[in-house]
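So, here's a batch of structures to check.
Both of the next two complexes hold chain A, though its partner changes from chain B to chain C.
Then we have the complex of A and B:
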């Protein structure tokens, strides 16, 4: 029983890891960022490239991936998203285009492969990441064998959630973000630089995705398409949890993770995912605003 | 007199004439390819009705396409030579034998637990009927629930998206009756009164082209009816339409269902042309790709969405000679798509309409003078 709960917890933490960034960009800014999965992918590739070119260890690539994806996210906000505020469904379409661009940039090695130049670590193939040895074993908790790497993921997710919460609810900039969330025009009238804050928020959300990418690279193979399915999972978590509610996202990630792990324990992974999709549909139909949401204006 | 409306009609007529005349110059190989792309054109029309005119962004259009495709493919699978030659009274698909439990009888009724569902598909017309009925029922039930609950915008997109992925997983998981990931291949040919629609033949091309013309003209007439106008009013402001006394969900469900039926027919035509049905029809990327076609061509123009689908696929097919260009083309699509959303939100059709308006505006002084001479 306990091991099933633990599997659910670890699945939920992975969901949350991906969804945290989306909770920020979608929840706070109303941008449906379909390129979010690609940010995860870029984070994973940063780990691969860091190890190959800079001899960086696994842990050292965490901050690097954050910076790289945050910069990329900032650029995307500047060039594309900024022009689309208020056109919710159009952000979905435009960022889907961005997602394809980023994917192809990695697959074609930034176009270098046309000239016969190959960059080690990029390209269409699969990449692998070496995880430090002390993370690979199992540990005994309450008489159960528990994968240390999974524990580490849960820990990182906890820390990131806490940092995000502090940032959103206990900092100057968080107050500004939440003000924009409630009413962008009013916020602007109160002297908040909406464009600047939006840019920073988007960069932070993307950076979180980058960190998620590093964690993903440790237990999944890294390839250019890896982000596509993640963005779907991330969305479901955010929508089910309630747009704009960090607490809701945490809870819904936990719920969906437990359901996934629980169903998988007596059927198979495919059916478990199907059940999760079904549950998501039901929740949205019954409560379209999500489990926890506040009223925006 | 040149008016935008006349130009619009002329565009439809020219386009339909072009696709009907195309076989005169096309080789067999390209005939089949273009027929496939015309099926995608039909999908473009379906997306445009739902999204462009109804404002309902369905990210699960592939569900209806897949449903239509699987229903016909099941019938054609039973009509294939391999299925007929299993030495049983009724045809049995080959993959059912591969997936059967040891000792299971080689009969369609009981080779696996739910294989009896295949029994009525021995009749091809049952498959054809189900190919339209199933999408309609699915869309009607889903639409009734969703639109009655006044769910709108992104939430509809997330529900449809989750649903198509859910069904895709179920189809993959039900390996003994659906052949899972591999889908249904090695199909028999579609027959009407003894005439066989070979995938590479002109007859098949005209079958598809005819349905596309029908979808274009029928769809155009439908969105110009009173109901179609109300649908557009709902798209622009749902609450206002509601307060004006219109029963909003009825119109939404109706057009959502029409769009699903067209997608189902497209799915069946695709099976006839491409000779397979697979879970990839219900991939997320395929459903989004349909939206991309419609957005590029112009979401609120049926013809535009259809041309968008054709254009993207024809160019993709011509550059697909080398693997390198395929990947580069994908990147191009991504870039073009971003640019279209940013700078041409009405797509190519919107661009065309602007030109048409500029053209008719030049002639306007005469027309305006005439009108003013009459009115006072």
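Then we have the complex of A and C:
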């Protein structure tokens, strides 16, 4: 029984890891960022490239991936998203376009493959990421065998959630972000530099996706399409949790993870996915604004 | 989602065509007398990971045939099309090649979905399709030459060997949720029963799904002593990693796979697969001069000193030679001539001697079992003494004395009885 709960917890933490960045960009900024999955993918490729070109270890890639994807996110905000605030559907289409561009850049090796040049670590194929030996295998905790890698993911998710919470609710910049969330124009009238804060928020959200990418690369497959399915799961968590509520995202990720893990253990994985999607539909019908949401203006 | 994805793929396709065109089209010499053939693989999209290498192997075979003087003194010219990992695109491109370019032969397809999508085109316009991939069987078309393994060529030696040599009796069958793994599982169950083994579970995971936590936990608690995996594609990597991460080892509970090839092993890292088994007619590690030379030439051809070769790739290569011999035997390159010519055609392929079955146009191949080593290469631990007859309907009771698929087509009455 305990192993089932642990799997549920681990599934939930993976969902949250991907959703955390979305909760911020979507929740705080009202941008449907379809390129979020590609940020995860870029994070994973940073791990691959870091190991190949800089001889970086797996853990050392965590901060590097954060920086790389945050910079990329910042650039995307500057060039594309900035011009589209308040136009929800347009952000969806535009970031989708960005997602395709990023994906193709990786697949075509930044266009080098047109000239017959090959950049090691990029291209359409599957990539290998080396994981430190101590992170593979199991550890005995209270007489239970616990998967170390998944334990580590839970830990990273916890830390990132805590950091995000501190940033959002205990820091100067967080107050400004939340003010923009409630009413961007009033916030601007109070002297908040909305453009700057938005840029930083988007960069932070993308950076979180990058960290998620590193964690994914260690136990899933790294290839250019890997982010596409993740962004769906991410939005599911955010929508169920309630847009703009960090606590709601945490809770909904936990809930969906446990339901998925539980149903999968007692029946099978295919049914579990169907049940999760069914549950999401049900929640959205009963509570269209999600489990936890505040009235924004 | 699909709309935008397609336009993306198209853009990629043009790019891919631009790269490949100069080196592959051999239009310079004697353009009027060339024999044109179609080459139809996904050069873009998710499946391009594998299919690009199949296209490369086909092109390499054509280049080698041309370098040795062509077919009946005529050069072979390839018309390369991109299936874009999408069955609908496959169908359109097949129509273009057969109706538009009026070609009699096309080499192509990796997935069954893409083969099924082009099949009506080939049957309606009577053209020949050479299909290089191992597949689930249950097909009997007079317009397809199948040069990959069918279930009995991957499993008929595998399961008895596991039971006898590894002493395993309780199998956990796991696969991706679509037709190939499900048909493979049927054959597995027949063979397990025949060999006095049993299966404790038969479970599936969505194709492309990479969350293995629950499944591996189930395997752990199932009391099985071997895992028979028909898992396909990128899920394979996540599966083997989760397997090790949950503390399972291949020396106690080996994964015995039918689809895990050199490509997936390289992506997951050999340390996750050491000691596990795979059954295929071809491995890169086959220790013969012919194979070593093949690997070397392939690496030179694709200009990648680390390129890996695998079963479907090898079939993509040798089936072009089978086609060449068929054309030369029949003395013409029309579909009917090729169909007659290719029956019983033999060739010394990198994996060994292959023969096209006279009855069902499938290919005799030599099943091999390999254990994965720390360097990511296979060590062949068992090989059939001779090539095995292909039986595409073995899951429904087909035996070599009771064939379901003959030149007359499928005998559906036999299928119903089983």
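The rule is short, and it goes like this: the second predicted complex is superposed on the first by the 297 of 297 C-alpha atoms of A that agree within 3 Å, B and C clash if a C-alpha of one lies under 4 Å from a C-alpha of the other, contacts with A are read in each partner's own complex, and residues count from 1 in each chain.
One rule holds in what follows: a contact is a pair of C-beta atoms (placed from the backbone, for glycine too) under 8 Å apart; a residue touches a chain by one contact, two chains touch by 3 or more.
Just so it is clear, the structure is predicted and the values come from calculations on it, not from any experiment.
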First, second, both or neither for A:239, with chain B first and chain C second: first
First (chain B), second (chain C), both or neither touched by A:11: second
Contacts of A:114 with chain B and chain C, given as first, second, both or neither: both
Touching partner for A:145 - first (chain B), second (chain C), both, neither: second
Chain B versus chain C as contact partner of A:288, first or second or both or neither: first
Chain B versus chain C as contact partner of A:271, first or second or both or neither: first
Touching partner for A:261 - first (chain B), second (chain C), both, neither: second
Partner chain in contact with A:136 - chain B first, chain C second, else both or neither: second
Residues of chain A contacting chain B in one complex and chain C in the other: 96, 100, 103-104, 107-108, 113-114, 124, 229, 268, 270, 273
Complex interface listing, chain A residues touching chain C: 3-4, 7, 10-11, 14, 96, 100, 103-104, 107-108, 113-114, 116, 118, 124-131, 136-138, 145, 147-150, 218-223, 225-226, 229, 260-261, 264-265, 268-270, 272-273
For the chain B and chain A complex, residues of the former touching the latter: 57, 145-146, 149, 151, 153-155, 157-159, 161-163, 165-166, 169-170, 172-173, 284-285, 288, 291-292, 295, 324, 327-328, 330-331, 333-338, 341-342, 345
Residues of chain A defined as touching chain B within the complex: 32, 80, 83-84, 87-90, 92-94, 96-101, 103-105, 107-108, 111, 113-114, 124, 228-229, 232, 235-236, 239, 268, 270-271, 273-274, 277-278, 280-281, 284-285, 288
Residues of chain C that touch chain A when the two form their complex: 4, 8, 11-12, 15, 18-19, 46, 48-49, 52, 177, 203-206, 208-211, 213-215, 217-218, 221, 234-238, 241-242, 244-247, 263-264, 266-269, 271-272, 303-304
